[in-house]
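Going in written order, the chains are labelled A, B, C and D, and every chain counts its residues from 1.
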Amino acid sequence: MLVQQYGLIGVFAVIAFIFPIVTLAFTWLLRPKRPNPLKNSTYECGIETVGDAWVQFRAQYYLFALIFVVFDIEAIFLFPFAVAFDKIGLFALVEAIIFVFILVVGLIYAWKKDALEWQ
Amino acid sequence: MTVPLSWYLIFATALFSLGFFAVLSRRNAVAVLMGVELMLNAVNVNLVAFWRYLTPSDLSGQIFVVFVFTVAAAEAAVGLALMISIYRTRKTINVDEINDLNL
Amino acid sequence: MVGQILFIIIAAFTLLMGLGTVVARNLFHAALFLVGVFFGIAALFILLEAEFLAMAQIIIYIGAIATLIVFAIMLSKGMMGREAGAYNKQWYFAGGAMILFFGLLSWLLVKMPFAAANASAPDDAIQQIGSGFVGHYVVPFEVASVLLLVALVGAIMLARERN
Amino acid sequence: MDLRALGESFVAMLENVGIPHGWVLLINWILGAVILLGVALLLAIFLIWFERKIAGRVQDRLGPNRVGPYGLIQPFADALKLLTKEDITPDNADRITYNLAPIIAVFHIIMLFAVIPFADKVVGANINVGILYLMAFGALGSMAMLMAGWASRNKYALLGGFRVVSQLLSYEIPVGLAMLIVVLMRGSMNLNVIAQGQGGLFGLGWYVWILPAVFIMYFVAALAEGERAPFDLLEAESEIVAGYNIEYSAMKFAWFYLAFFLNTWVLSAVAVTLFFGGWQGPFAAQIPALGVVYFFIKVFIMFFVFAWVRATFPRLRIDQMMSFCWKVLVPMGLALFLAVAIILKLGLPSAVTYALLFVVNIVILVVTLKLLGNYTRDLPKNKNKRLFAPELPRL
């Protein structure tokens, strides 16, 4: 049963990966190729580029990714819990509520510390 | 199921060695952290392989892997935050240059 | 037979990507190779009939941890480009030790007999995992959430820009 | 016409010819994969025309109407143009990553088609972790955007890539919570099983009637996940030029464009599967072909709403958008999750449970809107330089 379904996904993955490559190769044959340094320079609103493009970013991006990671893992824990929900008792529900509540504390902390604010 | 268990274990050993090599030899702390992730993944492969081959009816192996995921994520989050913090004051995150305690 | 060929292809791919992670001088490339490793391991989980873990692997490792690593790379200027001297002075020693370690361990593994149980994986694996979290493994389950909370608080403390 | 029987008779025919079982399976998979790929590509081409037409009508224009009847051939003409256009790669770009990014972008979105149930059991791969599969391959998309932004070696591309990834990550949580609540209701992550559970005459069993607040949360978050207005910072031309794909041209740009449209379609398809009964409709269980028709009608209505919103609303600022996700949608989602879990465990008769769920959904929705309304009413009093930065509500 498992093999049946994942076989298709595997074959599909190979085809879905090769297809765009083939198309790109095909257009490489079709299209004109007339590069020049001006055309190939980096775009910057019509002026010369200033400094390196790989600039340093602010920590704000990292903070959002961080909070996301925590909630993502929470979801991974809760999905099997939701699937097993019919089979488990009331006490298990209390445990899951505690689990969610501890993470809500984290969210409140992040809120208080202005980590949810885009600087 | 035609794949012998030892293949998985040897594969995991190879991955673990690669990760350990990165931890021991890379200078950049982020690269070291990537090595740690490789090692954790190798352990996960072992856990799942043992579950599948030795105790398929008991799901403990899979549950353990989920906990390893959690620990790996927490480790990555705090480790990288530490690196960002160190970089802010020291302008480097090469592990052999960060060798004193005062930041 | 087909399983063995698939295993060899996936394992070779994963190990190549792992090698790339270790040797790539550019950190962003190393992170991309790492994503390849995660993907290969998810495929191995499918081969081991652990479908839930395969998806969780992609969601957590590629969706969350790899993104986190890339973000952290971007936050330190100069780490994005090519860096000189990626290895420290003891790298040849570490490499030798690792080859020895790998050789020894795989020799042991080949020698060691394992009594493989010829049972099939349960159909309601996800359900069993779910009831395991709130049943037998309830303490680690709650500790995991505390760990995540602590990690969140600590990382916010560390990474926040103080004004 | 029975699609399942057609497939089965095809397999039987191949086995009768004397092809070994393994090869029959492989042929079957390849055929299925090619059909799915064809569906995805045809859809993309049609969707581009559809969306342009809607946007045109909403904004009192005609939309494409020159090439072919009602401009239907327009997307094909566009595709031909993009195929033969010169492709410019900036000299500074990291070539391999630069070329890999559009491939991953289109790969991840096409992969999503494998688990969408078009009719009862007419689904590429009927797996038990369908919802996690959607989340997993959806997450791959943000990796493609990071790659594109980084490899272009352009400030705007990098900034755009980072902003859009922050947005996608944040809004993945409300989407995931909405999916989680539906899984809680049905007790399965298999998308086909979820669709099966929403039977009943005239769509009375659809989860949207029981969980309206969850659907609204999903819809708002899906607007952001699909990078559509009012959350379309990707296309904020006035701010970050065009986002992560600014250095891309010709076919590589076309792949990003195609991924964008298909992403919205998949999000509508998931909305229909989770909340509007998927392929359910009169006689759909008996005749799968009818189910396909119902499914596509529902998805296109859903897509129309997405396009309508896009053509109507102005754009939010990024700080407002992030605040809205973390301070409004995520707490609301967690409250809904806990409320639904507790009500389901009370052990009441199903009619009472459903009524209670509906009431609780409405209450949570009203409370959320009330808090938001109070906040915006008191805005002039709050001396905050940002216009949308809610404080924690005082209890």
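We adopt the following convention: a residue touches a chain if its C-beta (ideal position, glycine included) is under 8 Å from a C-beta of that chain, and two chains touch if they have at least 3 such contacts.
Everything numeric here is computed off the predicted structure, so don't read it as measured data.
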item	value
Pair exhibiting more inter-chain C-beta contacts, B-C or A-B	B-C
Central chain (by mean CA position)	A
Geometric centre distance via CA averages, subunit C-subunit B, whole Å	6
Centroid spacing, where centroids are CA-atom means, of subunit A and subunit B in whole angstrom	20
Centroid spacing, where centroids are CA-atom means, of subunit B and subunit D in whole angstrom	33
Centroid spacing, where centroids are CA-atom means, of subunit A and subunit D in whole angstrom	14
Sequence positions of subunit D contacting 2 or more other chains	127, 132, 135, 150, 158, 162, 169, 172, 189
Sites on subunit C at which at least two other chains make contact	49, 51-52, 56, 59-60, 63-65, 67-68, 71-72, 74-76, 80, 121, 126, 128-129, 133, 144, 148, 151-152, 155-156, 159, 161
Residues of subunit A touching at least two other chains	6, 10, 54-55, 57, 59, 61-62, 65-70, 72-73, 75-77, 79, 82-85, 96, 110
Which chain pairs touch, all of them	A-B, A-C, A-D, B-C, C-D
Subunit A residues within the subunit D interface of the complex	4-13, 15-17, 19-21, 23-24, 26-28, 30-35, 37, 39-45, 49, 53-55, 57, 61, 64-65, 67-68, 71-72, 75, 78-79, 82-86, 90, 93, 96-97, 100, 104, 107-108, 110-112, 116-118
Residues of subunit A defined as touching subunit B within the complex	59, 62, 66, 69-70, 72-73, 76-77
Sites on subunit D touched by subunit A in the complex	25-26, 28-30, 32-34, 36-37, 83-92, 99, 102-103, 106-107, 110-111, 114, 124-127, 131-132, 135, 150, 152-158, 162, 166, 169-170, 172-173, 176-177, 180, 183-184, 187-189, 241, 246-247, 250-252, 255, 318-319, 322-323, 326-327, 330-331, 334, 337-338, 341-342, 344-345, 386, 389, 392
In the complex, subunit B residues that touch subunit A	66, 69-70, 73, 76-77, 80-81, 84
Contact footprint of subunit D on subunit C as seen in their complex	2, 28-29, 32, 35, 42, 51-52, 54-56, 58-59, 62-64, 66-67, 70-71, 74, 80, 126
